[in-house]
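Sharing a structure with you now.
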Amino acid sequence: MLLEIIFYTFASILICASLGVILFKNPVYSAVSLILAFITTGMLWLLLEAEFLAIVLVLVYVGAVMVLFLFVIMMLNIHQEEERSGFTKIAPIAIFLGLVIAAELIALYWIQSDQFSGLESISNSSLSVDNTLLLGTELFTKYILSFEIAGFILLLAIIVSISLTLRTRKNVKKQIASDQIAADPKQRVRMVDIKRGEN
Amino acid sequence: MTFNIIGSILPEVTIAIAICIVILVNSLVRNASVTLIHSLVLFFLSFALFLSFVSLELPDSNIFEGHYVIDAFGTNLKIIALIAAIFVHLTSIKSKQNIKNEIFLIQLFATLGVMILCSAHNLLTVYLGLETLTLSMYGIVASNRNSIEATESAMKFFILGAIASAIFLYGVSILYGVTGTLSLDLIENSKLLDSLEMRIAVAFMACGIIFKFGAFPFHSWVPDSYQGSNTTAAIYISSVPKIGAFALIARLFLDSLNAISDFWSILILSAGLLSIIIGNMIALVQVNLRRMLAYSAIGHIGFVLLSFSIVNPNGVSASMTYLIMYLIMTIAVFALIESIASEDHQHIELGDLKGLSKSHPLIAFMLLFCMFSMVGIPPFIGFYAKWIVLSELVNNDMIWFALIGVTMSVIAAYYYLRVVWFMYFENNDQDIENKGVINTQSITSIMISAMLLLIGLYPSPVIDYTRRIISSFLLID
Amino acid sequence: MLSLQSYLTLSAIIFSIGITGIVINRKNIIIVMMCTELLLISVNFNFIAFSHFMQDLAGQIFVFFILTVAAAEAAIGLAILVALYRNKKSISVGDLNKLRN
Amino acid sequence: MILDLMIWSPVIVGLILLLIGKNTASLSYWISLATSLLVFGMSMYALSMFKTDQVGIQFELIAPWIERFNINYHLGIDGISFPLILLTTFITPIVLLTARTSNKINLHQYLASFLILEGLMIGVFSALDAFLFYVFWEAMLIPMFIIIGIWGGENRVYATIKFFLYTFLGSVFMLIAIIYLYISTGSYSIFDFYNLDLSRMEQILIFLAFLFAFAVKIPMWPVHTWLPDAHVEAPTGGSVILAAILLKMGGYGLLRFSLPITPAASNELSMLMVALSLIAIIYIGMVALSQTDMKKLIAYSSVAHMGFVTLGIFVVFLNHENASIDNMNIAISGAMIQMISHGLISGALFLCIGVMYDRIHSREINDYGGVALSMPRFAGLMVFFALSNAALPGTSGFVGEVLVILASLKVNFWIALLSSTTLVIGAAYTLWMIKRVIFGPITNEKINNVRDTSPVEFIPLIILAFMVLAMGVYPEPLMKLMYITLNDLSELVFTGVGL
Amino acid sequence: MILEYSLVALLSPLIGGVLAAFLGKLLGKIFVNVVTILGVTISFALSIIIALDILESSAVLNQNIYTWLDIGNMSFHIGILIDNLTASMMVVVTFVSLMVHVYTIGYMQDDPGYHRFFSYISLFTFSMLSLVMSNNFLQLFFGWEAVGVMSYLLIGFWFTKESAIKANLKAFIVNRVGDLSLILGIGIIFSIIGSLDYYAVFSQSQNIAQTELYLSDAWSVSALTAACILLFGGAMGKSAQMPLHVWLPDSMEGPTPISALIHAATMVTAGVFLLARMSPLFELSTTALSFVLIIGASTALFTGILGLVQNDIKRVIAYSTLSQLGYMVAAAGVSAYSVSLFHLMTHAFFKALLFLAAGSVIVALHHEQDIRKMGGLRSKLPITYLTFLIGSLALIGFPGFSGFFSKDALIEAIGHADILGSGYAYASVLIGVFITALYTFRLFFKVFHGAQDDHHHAVKESPLSITLPLILLAIPSAIVAWPTVGPMVFGSYFANSISQPDAYQIFGYEFTTAFGFLVHAFSSPVIYIAVFGVLTAYVLYIYKPSILENKYLESSFIYRLLDNKYYFDDIYENVLAKKARNIGHLLWTIGDVKTIDNWIVNGTAYRIGNIANRIKVIQSGYIYHYALMMILGLAIFLGWTILNVGVSS
């Protein structure tokens, strides 16, 4: 019963927060809503005994990704509300479609399925090892290839982000390490014959 | 054991190493020249290609706990992808340009992603391969970062791509829920294959895959990103990723979900058919050359999907034949456009082609080949591509689809011919002088265009090749 | 007792909200990007729920990778956004229509 | 082997000229002329080797091409295709010879296009594999498209796109039909198609698919409207080739594909075909009467004359009581002869118009008058060709038409009556043009100053005139070339129809 | 030997003509004269030899020369048939042609198209010979059309004259209408017999007679009648029978020599020749014969009347020609082919004479053709006057002249006929005799007698090359009938070529000698009517011309009707020809341009473009639209999946 109460409470908050994300006019509010949604999600995941992921979600998402979002919002200074023309024209269709998709999925889960209703919630506590350890073990044995690929994806993200945003500003004095290393005395010092009487 | 595993994935490893080396070179070598980066990339791509050929000899094997599979199908697709990538790189060689070196690096990532997709045999690996590809494609499209068009198109592509991958993942999650496994082998054996849940999952995944192909109604990113990005980027995203998408659909749908092929084939079929219609229709009214080619690509992909939806080995091999021939054509066309586009004038409108036959006679002539090939006029390969697809359609009692296909080809002919018309029938008011500068890039583009005719005169090898690959693929599993 | 369906339904609702949000948004791109995060949350929800109810760890592993990729994706997305903003001085959805037929 | 040479030597020379001919217009001219003459020589050699008393294919050549689909590189000629090949090899040197009468940009490309076109046209006529046939058939569009588009008149873009799309639309349906036939037989060989046992519905659909392709090429009413535009805009050489050879492919296709593959459908739909042919003859003849542009007039007259070809091919089926192999022979011989003859005459007329256009730069009839005064030699030839066009006995124009009329009289009096109105209508529009252009007082002072034909213009015309006359006075050699094959075809079709 | 002779006779004008055409300009007038006249002379001489030979032996030569076309069981040949009919036609043709050749030397002296003209008339002679010498229908058609073309070229000889090229086009088109009919007639015969050889066809004529030609399922006619009427249609075109006569008067736009050669003596009689040649067929169909008779008689009368109001010297003669052709055709209609041919022969001589004499007048008056500006030329042009008089007398059938014999026999034959329409025909031809005399002498009086016109001072007699042919033609015009009337009309001269009822039965009269015939003729009204006609002319044009200067007369309906030639020309030109062009224009603009091109072809393109323009808005550039499209796709996929599976399970 307690679980149900927790679930429904957090579920409601999650839904409200999600709605907040899409409905707030100020992007900062939206971002904060999203943070709320992430935290709530983390709570719900704890219910499902995915402790590690719940923590990762909060740490990585809230702590890193959402901060990035907020940082960008602040940096670009885009908190004001923009035009909303045409909202009414397309919104009903979009909302209708959203409802249709939700209805389709819910119908799938509740009406048709034997598969989804047949499963019972079983506590993980019967297992002797904790979630994080299990995940770690799996990750570095069975899923090593995926792990490597994920590494490459992160590398890719770094490269793309840098190549898109790194700017070498003109008229700004800064150190260029490679130039310094490559410096050669012969190019630096120019021997000049000063003729007498010219100066 | 370990060595065997590494040995099997040597091509991928080569690309990975190449990525690292290029990163190092690019950041450590002072003012690393484009030529150097190019040579490195080319060397590694060729080496990977060589290794792929070598690994054709390897016996089929499942490695990494079945997450990765080495078989003839995957290796052959890798070979095709690598060849395409090499050609794309070759056509990007330009003496003077402001393209940043990073684009070649990111292209390497994308190629790696495609290669992973070719061999991935687990939904997680598939997902990661797909994301490697997708994320690099965002980077490629955005690589011309100082251009409004490029960043805008990248932004759109990014948003749509994110939606698509979320939709795909949603499908994967349901699939996982239904079958309890992520392994493609095990999915095949699931007892619930024929359930509604499964179909819903497949429908979700189909959306993701169709998005990768760039077919209607998940095509919206194609025109914008073809037009917005620079030509080098457009060549890449119009060619190599399609192979990844093909690998994906083949492994996931054709192989693992073959049991419900009568279901997903209809989704693919409708997407294909609508792509042919919508793509060609909208292409009719385009003035920007790359945008027009984008819509034409949608139309071509429609044929690929239409033929794929036949599901049987003949149909799929026709689909693959079409894909290969499409790749050749599209690389050729973009390469030619690239070689006439000046740096400050990347966005070529049809009107800019006026008098091309006089200023660049050879390029114009080859572009003429390409256009007729795209129309589907023999003896160019475009014709064989269409013909083989039509043959399979007729053979499988889908004659109405064949008729729609040919009718749309006729409509398509109009806008392809418009290119020829502008090049040959209109005169440029300004300068009519022969600017036929022959550089490496032109030579490459001309070489590729000449392939249109040469393969067209004797298309048997390609036809037999795809047929062999597909039948081996479908028989093994 | 909470059934699997409850979780799935919640996830479906979040998915729909995310997807609707993308379409009805007329503000700026960044909110659209947040909506895609919502979509991913719903997917993750599914995986974790299945994983829990089927006692299979693969789902959680998958979520782990989704989180990784999502972070990378967000980084790239924001980078593109910044680049776009530099060029266009706007990230309004409505301004993003230079490329069209 | 000789067919191979005839197809590929002009194509290869053409491609080479394209690449290297840029600054050597004169040399390219002579090279291309020599090549086409060489091909003509080869066709003459083939003629000397051709056995007129032998049923079936000669000079056959077969090699695998796309083995998976059982497609062969299969060439050969018989009495139907050989005359048309001769026509092709005969007309092309003439066209090339006159290529330099007017200034053209990039002459080497012009010449190369014609050479390539020649090879492909010979390919169409000699291909015995349906796939190969289709490849040649479609590939031919490219040089023609280029010829009209680059060297055409003011409105060339519209004309050339229209030409291309029309013919392309027509032929894609043929492709579907060919594929269908392949799937039914497992082979692309035309002769395998002949033996196919198709149901009534299949036959009709296949017939219609083929018909669409051929009808556009012939062109039959109502899919003829590309022709006037294409002719008007095309350069002289293009018009000549178009009228002389390209249009014949439709008729050839009907004889090669439609009749033997779908005899029952040909029989069943003969009413439609005859009706369309009669419309072409009368309606288009009337339309030609009201033209003020010479090329348009001749173009419409082409449509009307080609109406006799289709009439000849299909008329016999209309009346089963009187149908006989003999009558069929007469009818399709008429159709064949009409094709050859129309090739010569309309080609010559377009050359004539070209000669005038080069001087006055107008195709409008109203801009002319009294050409006979300043160009008597030319006027004589032009009047001769005009009279041949009006089916004057003793010229080739008469032979085909009279045979078709004779054959149709056996079928139905009214059809014969309607078709023979061409004697009046044809004479009316052709001679009306002659009256306004060649005769009469000089109204346009430009005409006062023009010179008569130069040898380069005169020689082709006189050769054509000789051929027209020779065929009219003594058509028997030509007939002998075709007879066995046509008879064979008639028998095949009659068996197929069940007569 | 005859074969070789006839071949040479046939080909020598051709060679002459071709040489003159190609080398004439180069080698000069003398060369042209020599080759063409030599060609025709050879031809004439051989014709005489052949005629004499055949007169002696009566052996018919029927020989194929080569196979024109051979389609399986059916062959078309080119061949020669020499019988009495052919032989006499050859003589007439080559003789008149020779005369015209000679005449032309003087007549066309200063014309820039001198060699062209000679080449044309030589080629014409060849064409005409090949027509008459043919042994099959196809070759007949060759010659038939070839003479038509030469006539076309010759009428338009002065091609800068608008009226000339209008006339030649008209002539060709009208002739083509006839040819259309002819080819259909030939086709019917071919479709039944399967051969086009005369003898093959004639031997199976019964076969044709028994065949029915189905014009529809319910309506059939005798194939023979249909074929004969269609064949006669051809003759109507060439021989200018009503209503296809309109081209002949206009053809006078051509030079006078060809009016004499083609439009009086030879080509226009081809129709009569055709009727005679086809007599074995016509004899089997009285319907066809009646048709021929009525058309012929009408032409004889009504075109003659038109001659009364013409003021152009050549046109008067042209209408007279029309009328005389009507006589010949009418005679054929009553099966009196031999009489018809006889009249053909005499008419060829005297009409050629009249034309050439008229030409002589025209030359003398420096190409003045209006008879109102002539008068009193009798003294200035004595030879012309005399020969013209002979011609005129022959034309009206003055006793003793050749025209008398032929015309009298002809009228007699018609009078004795009893087929449908013979009464009408008899009346027509009798009135025709009066009309003929009236217009002939109207012309004669107006030109040679009456008040002298001041316009022409330096009028002098034409040169020898002109007068010589006049004289040479005047002789046969006067006397040729005397020796020939017996064998040709009453004898068995044409027995080997014409199938007609016994000559005696036509007339109900026993022929003894020409003189006897002359005497006998005085018992018929013909002579008196003719003389009455001459007198009337004298009264109206010499004695009291004031009768005609009547305002009322000029405004009367009849006068207008005649002046407008019964409105045939108006109907043809303003109604038929114009309508045809209008319809063509309409078909073009509405059918081709509007419907097919603009509506179907361009319309389709336009509509596709329209649709494309409408579809393209889905790519609006706004990301929410793109996203919406994706979601819509997803929703549809899902919905379809659920519905499909849900329903099926």
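Brief remarks on what is shown
By written order: A, B, C, D and E. Residues from 1 in each chain.
In this section, contacts are C-beta pairs under 8 Å (C-beta built on N, C-alpha and C of every residue); 3 or more make two chains touch, one makes a residue touch a chain.
Bear in mind that the values here come from a model prediction, so they are computed numbers and not experimental data.
Fewest steps needed to get from chain A to chain D, stepping only to touching chains, is 2. Chain D has the Cα centre that lies closest to the mean of all protein Cα atoms in view.
One finds 102 Å separating the Cα centroids of chain A and chain E. Here the spacing of chain A and chain C, counted between their Cα centres, is 9 Å.
Separating the centre of chain D from that of chain E, both taken as means of CA atoms, is a distance of 36 Å. Annotation: 26 Å between the Cα-based centres of chain B and chain C. For chain D, residues that reach two or more other chains under the stated contact definition are 165.
Counting partner chains per residue, chain E shows two or more touched chains at residues 605, 616, 619, 621, 623-625, 627-628, 631-632, 634, 638, 642, 646. Chain contacts: chain C has residues 8, 15, 18-19, 22-26, 29, 32-33, 49, 54, 58, 61, 65, 69, 72-73, 76, 79-81, 83, 93-94, 96, 98-101 touching two or more partner chains.
All chain pairs that touch, listed by label, are A-B, A-C, A-E, B-C, B-D, B-E, C-E, D-E. Taken together, the chain B residues at the contact with chain A in this complex read 16, 19, 23, 28-30, 64-65, 67-68, 100, 102, 105-106, 109, 112, 116, 124-125, 128-129, 131-132, 135-136, 138-139, 142-143, 145, 177-178, 192, 195-197, 200. By the touch criterion stated above, chain E contacts chain D in their complex at residues 21, 66-74, 138, 141-142, 144-146, 149, 152-153, 156, 159-160, 162, 165-166, 168-169, 172-173, 176-177, 179-180, 183-184, 186-188, 190-191, 194, 213-215, 226, 580-585, 587-588, 591-592, 596-597, 600-601, 605.
By the touch rule above, chain E contacts chain C in their complex via residues 616-617, 619-624, 627-628, 631. Of all residues in chain D, those touching chain B in their complex are 18, 22, 65-69, 134-136, 138-139, 141-142, 145-146, 149-150, 156-157, 160-161, 164-165, 168-169, 172-173, 175-176, 179-180, 182-183. By the touch rule above, chain B contacts chain C in their complex via residues 123-124, 127-128, 131, 135, 138-139, 142, 145-149, 151-156, 158-159, 162-163, 166-167, 169-170, 172-174, 176-177, 180-182, 223-224, 227-228, 282, 285-286, 291.
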